[in-house]
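Labels A, B, C, D, E and F are assigned to the chains in the order they are written; within every chain, residues are numbered from 1.
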């Protein structure tokens, strides 16, 4: 391998002009990360029920695309319906947790499990809901480095403990949440969201589910 | 603490007669593990829909009891319905995996997460479906010590890798399953069951969900 | 693999009638877990000393069988004698810990190491000594979920810390035991039992030692 | 806590209009992640040598800002000079590894150590050098999910093994790199870059070093 | 804290003359590591049997001291006798493994468990038996960095796997040992020694057992 | 493999006379650990600048040898100079930490990473600087077992937390150091030394760097 000379050897980071290079794909030697498949399993789409067709239409209308996780489940309409109902109740139904807080749990959990799909899709949701790009990055990189209220921190600590050593959770952990101001119903919701992404992260990794490219730019 | 003398000091294990002692609770000094609560969260039961009432009735008729996980969700009928639909599709719908195999995945995953509720309830299911008490114990204690077909072993290895390091799953792991005889649809089902119990284990531990006592004796 | 239809698709758990199926071995597709070998090493039994013959006879008389761990050591009478003496002093000699408490340590430690032999044999001992099947299961599955006195919990926490990160034990950990009511002599005994099963678990796993089948049903 | 109603309860992800909300800071309840401090240690800037002043000027001219890591070291000019010389040789000197490849190692290593500073600053560098935003995200989230040449993958596998279990690296690991096409000199460079970020990640986390906000938007 | 000036700032390591400083204890500020207690538990010595008295006398005559592990057990003559018999059979009885090899296992295992007592006492034994100080250091620091025969390496890999993940040992691991030239009897002995030190390491750490100072200088 | 008989089967440890055996290499069957290579990479030495030549001469004069880490870097004079400048500022420049304390951090960190090179070279430095051989061993084996001031213990706890879970360090950890008496400048130095050895350990392991044999005997 030939030594690659480097002209401007003073500053480590590329200058501004480099920020929009025209001919990158040709010379970096790294393959382009264009996601064209929904997942690694070859499961042809099944027949969608009218309800699911309407759901997909609504996604296209409101989001501009159907999230790949839904396309992944579309091989079996019954599974898709069960998943969508379960997911929408979890993330959208009334709760003591705001939708942003539920997304923060989603990303903090997905960070522990290093799930590319969920970090990308729900990292975008945190950026969009909060209007704060750095918050999305912090949830994905290390939630401990974020500036949070004590209550939010307690919520994420519980979700992450559930992720990494659920067998060690005891009454004391629930009491910590209660002291932080969460009701028993809120604790259920924290547990339900954290549990759910421990499922989704694993199914996404097991099937190599790929996030829609559009997520990368949302809320930046 | 007084030294407790020990009369029969040759054999370490208690003799046969000791197997059904009459007065244990009084003298062991260890509290009786009688489960009277469904979980540690105080969530009063909500109003069940007719469908869910019928479901509970069917449980009582067929099983003799309503599994505590369903009672735990009963504080919110919408959540209960979403959970029951999702669960029943997963564990009972037609699949390339037998119901026993799905229960074996459930227990092997729950063993990694040390979930008392799921190990007890699904350990019972493995014993009952297989008619082999030792198989249930092996799934709960260390599935690697069980005598399995290569295909079943590959299935459990994948489920356990999903549990412990899902971020490290790659095409090679899926190829191993295909070579063992699983279709892509089967792989989805393995991933879905393993993913689900990674959720359920964590929700059960987070809420200290307790298994119905009756499970302990089933299939012994 | 053909899709296996499922007639009763409402209730996930098998009904009562299924609890004693007659023809399981034929149709589950999972090999029967019948243990016929003592361990995976091929070591022909040596000549037992009269003392060891008497010990085996006593086992057969009192327990109805010779525990496989003793049969495993029987290839070398000197090793068998050293092991039996060491073991019996540990588990049966007078101590501030009751025999049940020593067995609880044995099972909690074996759970960390996922040792099939010791979980089975000593799980049975916990059930029999306590008369409480759930206690045996809790020690094997997750001792943190058990209802225990503070003193018993401190004892098991110490034993499990010894198992998982013995290098991190410090005076503070011993002080916690003393404050819970244990004498220095008791602490030695806790350490000795926890240490011993960290040895036995590993030897059993290294040699694939198999528990006598009879243990599975004891104390249920 | 009052239940927060949710009007559009069909689609989980926020619609396009939500992408640029005007009034977020007011109503999310999550503090704004505005980084105003360079790090958590209170070390007043020292007197810069003319060489270091010129270096900072060049940064401002070429990048538009001085990277916070340099400001962090500025409390002691000797340390700043030693760090800058060491860093610039590592990342900019001629090497068999391209600058992009070195940045990819930087990010993959920083992902293991969950270092907010380095993931942000070097994630930006990967996006800019490659012109591929998804590549930067993949290095930060889970490099195993990226589409890479076999050689690049071998490079990152070695860097990550160095990060997580350097004590287990053996001749076989170096041989794998050689077979992938790396020279011994290249292996040194891989090791040097991976080693360096294992240092930087830890110093950044130990001092809570904060990345310049501008990085978040670069190369998106 | 005043800045401590440093006169000779070119070479990082102290010069030869520094190798035997006269006045260290006074000025380093680090307490002297003089071991005066056998362990942290306060257990007064019991009455030794004539056999154990003779054993201690033999230790003093041959080694010049009684190893502290024996003094630790001396609070109870029965335990001391059981331990000594078990230990001496293990480490000194005829075996396919040389005494040096058994000590190498002891140290490699103790390194995983970071046991100060066993690393010191058995590290000395490796140095003395082998006449190679570097071998003792390598076993204590990282056995993978040592120059070993393939057979010895297989032996230590098995012992270390037993230590760190005994639950994952399977027939394949035993087959690896057999292919390396070990008989089933040898495998038992490897397992027995590795198992034993997993016990001893933990008892030593649990009781803060301190090695006799004389070990530090042996075989250097 | 023939059973190796053992004449003196009472005492486990070799007697005094065995301490300086004449003919070991022949009969132990374990290869001699003579280090003749600097590292596993084949990188021919480059041309040293006069400054580096003088530095090597000074090493030979003061230490009697050139540390192998410097010889390893000598393939590229620019890298050697950058490394030496960085290293010497770190370990020898004025600091609130004594040189011994910096070496203690070096060894405690290297112990976590099991780096043979650094444990050997810096273990020697701790023994020589402190005049206490046991202190060097304790840093290498398990710093938690050492007798230290509270301040030194806090310093090492921080360095080890940085090593094992740097992502979990928070303001509370820095506050603990401040309360123990460290200034913010001292905290930087602790972080810088701990960070550095996390780099060096990994580069040494990645290249199989071998310590100069002379270190083994220093300060014993």
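Some points to look at:
Rule of thumb we're sticking to: a contact is a pair of C-beta atoms (placed from the backbone, for glycine too) under 8 Å apart; a residue touches a chain by one contact, two chains touch by 3 or more.
Source: prediction; values computed, not measured.
Contact with both chain B and chain D is made by A, E. Among the remaining chains, those touching chain C and also chain D are A, B, E, F.
Greatest centre-to-centre distance from chain F is found for B, with centres as Cα means. Among the remaining chains, C is positioned farthest from chain D, on the basis of C-alpha centroids.
Between chain C and chain E the CA-based rotation angle works out to 180°, given as a multiple of 5.
Centre-to-centre spacing of chain A and chain D amounts to 20 Å, using the average Cα coordinate of each chain.
With centres defined as mean CA coordinates, chain F is found 28 Å away from chain D. Rounded to whole angstrom, the centroid-to-centroid distance between chain B and chain F, based on C-alpha atoms, equals 48 Å.
A separation of 42 Å divides the Cα centre of chain B from that of chain E. Annotation for chain A: residues touching 2 or more other chains are 93, 114-115, 142, 167, 170, 208.
Taken as a graph of touching chains, this assembly has some other topology, since it is neither a line, a ring, a star nor fully connected. Contact between chains, per the stated criterion, is found for A-B, A-C, A-D, A-F, B-C, B-D, B-E, C-E, C-F, D-E, D-F, E-F.
Those residues of chain F lying in contact with chain A across their complex are 167-168, 170. On the chain B side of its complex with chain C, the touching residues are 1-6, 8-16, 18-21, 24-25, 28-35, 55, 58-59, 62-64, 67, 87-88, 91-101, 104, 111, 114-116, 119-121, 124-125, 128-135, 137-138, 140-142, 145-149, 152, 181-183, 186, 208, 213, 216-220. Within the complex formed with chain E, the residues of chain B that make contact are 142, 144. Those residues of chain B that touch chain A in the shared complex are 40-43, 75, 78-79, 81-83, 85-86, 89, 93, 113-115, 158, 162-163, 166-167, 169-171, 174, 184-185, 187-188, 190-192, 194-196, 198-203, 205-208.
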